[in-house]
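In structure tokens below, several structures.
Below, chain A partners chain B and then partners chain C, in two separate complexes.
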Partner chain A sequence: MKSVIEILKEIRPEFDFAASGDFITDGMLDSFDMVTLVAALDKNYGISIPGTDIVPENFQNVQTIEVLLRRSGAKI
Partner chain B sequence: MKLVFHRKRIAGTLVVVPANERSFVADMKNFNFPESRSLKLKEVMGFDKRRVVGPGVCVSDLAVFGLEHLFERGWLKREEIDALIVVTQTPDYLIPGTSCIIHGRLGLKRDMISLSISQACTGFLIGLIQAFMMLEQESIKKVVLVNSDVLSRKVSPQDRNIYPLVGDACSITVLERDAEDSVIHANVRVDGSRASALTIPAGGMRQPHTLETAKLEDAGDGNLRAKDHLFMDGAAIFNFVQTEVPPLIESLVAHAGTSMDSIDYFLCHQPNRFMLQKLADKMKIPHARMPNNVVEHFGNNSGVTIPTVMTFNLGERLLREKLCVCLAGFGAGLTWAGMLLTIGKFDFNGIIEYK
Partner chain C sequence: MSSIQTPGQVLDAIQKARAGAAAFCTNFFPVESKLQGWIDHRELFAEWHPGAAFFFRTDRDFRHFYFCAADGAALEQGIASSPGLKDGPVTTDLVGSGSTLEHLPPIFERAGFRRYTQLQRLARIGRPETNDGTSDAGFAKKEDGPTALRLIENSFDRHGEQLPSPYEMESAVENHQVLAVKRSGELAGLLFFETQGLASSVRFWAVAEKFRAQRVGSTLMQHYFHIHGTVRRFTLWVNSGNENAITKYRHYGYAPDGLMDHVLAKGMIPQ
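On to the complex of A and B.
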């Protein structure tokens, strides 16, 4: 199973996600990247993140993404 | 608003798609994004092939082509049309309504109703509701509902948010009274305070078209579009659909006194594959019962997506059997609507190409 950071790097390999506290403000993820990320996370963790949770505040950093994943039933 | 109709049926549906096909991969070079990112989006959203009209082709061209097809085969007679409803947001002219243009080109009788409605992705349901209300009148026995848009003519080729998903099409649906004691439940809602989430800013009376409104501008997200082009706040629309549509359908099903399990198919508007999969997951509906394959074959053809998903996936079956379906449309306005009805044993059903 891939880590969140590994999945983020596959989507936007040009960025250092570990060095950012807010992917949205730093311009590292746009709305389409969030969609691509959700599809990858769903597949990787065998879950379906609710559509109503696909909002920028849940994708600000690795911690918020992991909170979202746990809430969606992922075992991480 | 909850609505109930009795003894009404869909007699048949014909979908007309342009023969001209474009591919997402071929169009990728127009976008100001690395191809690798666009390809990931293609995989998730289902962007692939789509049908678009050639230069100068209008809604009335597609509609007249489709209606002549029905006349030639005897599936519909010119003189039996008591009402013609045309639903479009890309009319041939500002004045008159496109229904009058189609009426004139086909030489239909004078003693009938001709109505043009401005609606987009909820337009099939709004049109059906209007048709069913007309059929309450004794003098109206047959209503022809035309849904059509040529929105590819109003999108920027350099806008990756919109361009890869838009397709053009037309559907012709014939409605009449049902000899059986059928019941149709509908639920329709609107929130005009969110109208700017999906709009063409210029070209109407508020901001008329000028050379300035035709200029491409950097939207700040890597996309270029003019004020004459269709704009969609994708994130807002996505959230709107995920938030508003499930409770609408649940309310509709409860009002009809039935259950989600007893519905054979959920035939929804087709914005993209991802949005529909999330919608199905939220309502715990197996993906196979909510088909999501219209965008990849035809593009999102606005108010024609529901007839397209119905005909493309269930076409043959609907000629010989009946199915209980839930229709759901959502989009510009913002408007959203659902309808629960039994369809099938159609007099005709198919998809033809406009060349």
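On to the complex of A and C.
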């Protein structure tokens, strides 16, 4: 199973996600990337992230994404 | 249709459509600052349907249609009963890559929409090569705004390419998002961009007809890269049929990233 950072790196290899505290403000993820990321996270962790949770504040950094994953039933 | 008065009304409507959604679908990704501008200028209207929220934004002589729906069935039922879709020219953008878009266009086509045009996103990754900064390009000034908007309106398709309104143009000039080259006091060309952190997007790049083949476009693009030395990802949307523009963007290192925007229209194309 891939880590969140590995998945992010696959989607946007040009960015250093580990160095950012806010992917949205730093321009690393846009609305379309979030949709791609959700599909990748669903597949990787065998979950289905609810549509209500696809909001920017859940994708600000690795920690907020991991909170979202746990809430969605992922074992990380 | 109801006029939207606050961003909160929009967010509430989206949340309601999302609640319990099995296959949530949307083409509405509002950026807060733009949303506020639309509301302040009374351009945004909404309709609520079972499992779906629809938004309409007035733009010149037509409206943009945005939707948030619990699934395709809720979207289709809403479209079929929507008063806002019954009259007047309207366009909608369906954005996605590959198979993610397959199920949506038929829903709109059954409701009388027709494929109008198609845009593709190009991306350029990595630190830009920059010149020494010597250039006759600079930020557009307030007095350039109306001329710059006319150049955009004359160079791009208002129905397919999300042109700025006069107040958006004014704001972009004030916020140093528009580069201009002037020759003999006339606006020869412009480059309108939006930058967020490490990403930047070119929205419009245009050269006035009488100044073409005079290196105005290349001056603008080189200056754009020069002032974006820290940016790592450059993107833009271009009409898929505009081979001339695509060739120019490729010259600057842009390439398709797979994302497509299918623009559908109703009420303005012979059916």
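Annotations for the structure displayed:
One rule holds in what follows: the second predicted complex is superposed on the first by the 76 of 76 C-alpha atoms of A that agree within 3 Å, B and C clash if a C-alpha of one lies under 4 Å from a C-alpha of the other, contacts with A are read in each partner's own complex, and residues count from 1 in each chain.
In this text, a contact is a pair of C-beta atoms (placed from the backbone, for glycine too) under 8 Å apart; a residue touches a chain by one contact, two chains touch by 3 or more.
The structure presented is a predicted model; accordingly, all values stated were derived computationally and were not measured.
In the superposition on chain A, A:15 makes contact with chain C only, not with chain B.
Of the two partner chains, chain B and chain C are each touched by A:31. Legend: residue contacts after superposition of the two complexes on their common chain; A:51 is shown touching both chain B and chain C.
When the two complexes are superposed on chain A, the residues of chain A that touch both chain B and chain C are 12, 30-32, 35-36, 50-52, 54. For chain A in complex with chain B, the touching residues are 11-12, 30-33, 35-36, 38-39, 48, 50-52, 54-56. Across the interface of their complex, chain A is touched by residues 37, 40-41, 43-45, 160-161, 221-222, 234-235, 238-239, 241-243, 274-275, 277-279, 281-282 of chain B.
Contacts from chain C toward chain A in the complex involve residues 15, 18-19, 21, 24, 29, 70, 95-97, 100, 125-126, 195-200, 231-233, 259. Put simply, chain A touches chain C in their complex at residues 12-15, 25-28, 30-32, 35-36, 50-52, 54.
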